[in-house]
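What follows is a pair of complexes built around chain A, which joins chain B in one and chain C in the other.
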Partner chain A sequence: MQDFLQAYSWVNMRFLLNGLWITIVVSVVSIAFSFVIGSILGTIRYMKIKYVSEIVGFIIDLIRNLPLLLIIFFTYFALPKVGIHFNVMISTIVAMTIFESAMLAEIVRSGIKAVPTGQLEGARANGLSFYQALWYILLPQAYKKMIPPIVSQFVSLIKDTSLATIIMLPEVTFRAQTIYAQKPAQIIPMFLMLAILYFILNFTISRVGTYIDRRMAS
Partner chain B sequence: MSMIEFKDVEKYYGDFHALHDINLEVEAGETVVLLGPSGSGKSTLIRTINGLESIEGGQLIVNNQDLANPKTDLNRLRKDVGMVFQHFNLYDNKTILENIMIAPRLVLKRDEAENKETAMGLLERVGLTDQANKYPSQLSGGQKQRVAIARSLAMKPKALLFDEPTSALDPEMVNGVLKIMREIAQDSSMTMLVVTHEMGFAKQVADRVIFMADGKILEDAPTAKFFEHPEEERARQFLSQIVH
Partner chain C sequence: MWSLFTSHASEFLTGFGWTILSSVIALIGSTILGLGFALLQIVPNRWANLVGKIYIEIVRNIPLLVITMFFYVVVANIFKLNGFISGTIGLTLYTSAFIAETIRAGINAVDSGQYEGGRANGMSWWETMRYIVLPQAIHLVIPPLGNQFVNLIKNSSVLAFVAGLDLMYQANMISQLTFDTFNPYIIVAIFYLMLTMPLSYYMRYLEEKNAH
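Entry: the complex of A and B
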């Protein structure tokens, strides 16, 4: 019992929370990049530009069908072999961005496709160019519908940052391991704490997402 | 001067021959109604005029622009040729006022104050001033169609295409839309092409009736003549089924 309570000492908690901060920073930066890149790739794939859309589509499908861990290994262990060196944090961000951009691209593409064809036809007949129709009519409607899948994708992203434990990114899961590696009796309290921290973070994000979705719907 | 000119136009959907040897001339200012059974190619024909459907053969000149030529700037053509759809196709993410103002702003670069004045004027004309700040989903079908007409008129087009504008409306909504269309038809400079099943409207407003079946134009006659003495057997059958 004493070990259990000692696990939550001030020193340990501060150590964990600093790790949680790294989790958050890596997630937010990856989310920001992948949102932009995913939107562009998804739109290009939707547009069916000869060759370009097919190549982009192939890359998206390729990445979506690889394990994220393999992409993390690639950016951390393989890229240095060809002379590109990233530190652990940048490696994780690059890997997460590559993977999540592909996931988001598919959400964006199907989101645009889900907008009724009459919207595009109405806009074109009204004199708008394709890009004007896309920017002012299709994308705003598509993003509104995409809020729930995008939010759940971001929640998976946050959970997946724990994979970077393997390349020793000192995020929250890695730090919990560091603590119980010294005191095996603290394994259960550490796992419990991790569960609580991830839950609070992700549940808050889902709730904010639901709130935005409702606001937009009304 | 002719506003729209089809010469031997052909259109296919895969193996399906949707438009067959279409020859048709519509003068500027004319009001023409297209009649025919469903699947006869009326909607396809009207949709080729603003390039929503491509043509596979022949020549189609609209407002002096050649639609058979892939280099023709369709955006430029569509500034002068508006379209009203069966299902309205209003922008769901924009207010009624924005629905009307967006194309003049983006395409014609109309001054914002003037744009708003024009839009409000048009809303008044279609009797929907009080709906300006609502969204399409808050309007009835008839109201949506009146907004769609106002949206087309805001571009100050030379020609307007109506693709079954009242077919998706509840019966009590139809007259409000037809009334506005009648008023537009009275403007002698506006060219109008209307696909419809509203015979009363056709008789009253059309200068000419085009009767289509199986992707072909079977009859092209002045309105009175068409309704009183249709030449084609198919047209007679069609009229006997539809006119009560």
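Entry: the complex of A and C
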């Protein structure tokens, strides 16, 4: 019991919460970049430009079908071989952005595809160019429909940030491991705290996502 | 790259084998568990629904790595499990929550008149599920289940954290042995793609076929 309480000392908790903050920062920065890149790639894939869309689509499929862990390893260990050096945090963000951009590109593509074709035809018939129709008519409607999948992608991104412990990113899972490596009696309390922290964070995000989705729908 | 592969072919192939084995075991286990928790959420009993919901919400919101490490660090100490087994258990439990959600969505997508019709004809709740609702749900659920299996194969790389002998683990070993941090990962990527690409393309084909 005393080990339990000691494990949650102020020093440990501050150490963990700082780690959680790194998890959040890495996730938010990665999702922001991925949102922009994924939107561009998804739109290109949707537009069916000869060759370009096929190549982009194939690259998206390749990345989506690889384990994220492999991409993290690759950006951290293999890219320096070809002269690209990042520190641990940037490496994680780059790896996450590569992976999530491909995921979001698919969400964006199917989001645009789900907008009824009459919308595009109507916009074109009213004299908008294709790009104007895309920007003012299709994308705004598509993004509304994409809120739930993007939120669940964000939750899985937060969970996946834990994989960066393998390249020693000092986020919350890594820090919990650091604590219990020194005091084996604190293993169970640390796992419990990890579960609680991740649960609160992710559960809140999914609930907020559902709320926004409902507000937008009505 | 080819020479690296030929000189370490047995390690790569062993890793490939363990990855497939772990994924298949976890697939079977998590489908059974997932079906159980999906049914638990829809049986006409509030407490059972609550248990199912709590399990799914907890497992879905915690990283796979934390679950797997828990089994490797804590449970493996008590029951003497090796990395492969504890990794596969973690993978099974994590995936089961997602499969439960997939199956539940499939069951909900079956027209409610089917269920009502079954019940009105004197079938019990279980008989209605078994003979009327589930057979129709399976048809809808196969493409998303296949996508979960693709995720499962990718997620099995987490075994590398717990010395699970899988592809990712072998890649790390070989790169530490040969000081080559580039080619082992490329080779392993090709192995993963050999499993996941055909499967995800087939699932997309099924999805499009179902849509028409």
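Here, the second predicted complex is superposed on the first by the 218 of 218 C-alpha atoms of A that agree within 3 Å, B and C clash if a C-alpha of one lies under 4 Å from a C-alpha of the other, contacts with A are read in each partner's own complex, and residues count from 1 in each chain.
To be clear about the criterion, a residue touches a chain if its C-beta (ideal position, glycine included) is under 8 Å from a C-beta of that chain, and two chains touch if they have at least 3 such contacts.
The model shown is predicted, which means the values in this text are computed figures rather than measured ones.
On the superposed chain A, the two partners chain B and chain C both fit, without a clash.
Within the superposed three-chain model, A:W21 lies out of touch with both chain B and chain C [touch as defined at top]. With the two structures brought together on chain A, the opening angle seen from the C-alpha centre of chain A toward chain B and chain C is 100°, to the nearest 10. Note on chain A: of its two partners chain C and chain B, the one contacting more of its residues is C.
With both structures placed on the common chain, the touch criterion links A:I187 to chain C but leaves chain B unconnected. When the two structures are aligned on the shared chain, A:I137 is found in touch with chain B, with no touch to chain C. When both complexes are overlaid on chain A, the residue A:G122 reaches chain B alone and has no touch with chain C. Residue contacts after overlaying the shared chain place A:F77 against chain C, while chain B stays out of touching range. Of all C-alpha pairs linking chain B and chain C after the chain A fit, the shortest spans 19 Å. Common to the chain B and chain C interfaces on chain A is no residue.
Against chain C, in their complex, chain A makes its touches with residues 61-62, 64-70, 73-74, 77-78, 80-82, 155, 159-163, 165-166, 173, 177, 180, 187-188, 191, 194-195, 198-199, 202-203, 206. The part of chain B that touches chain A in the complex is made up of residues 50, 52, 74-75, 78-79, 82-83, 85, 87-94, 102-103, 106-108, 148, 151-152, 155.
Interface residues of chain A, counted against chain B in their complex, comprise 118-119, 121-129, 132, 136-137, 140-141, 144. Contact residues on chain C toward chain A in their complex (touch as defined above): 57-58, 60-66, 69-70, 73-74, 150, 154-158, 160-161, 168, 171-172, 175, 181-182, 185-186, 188-189, 192-193, 196-197, 200-201.
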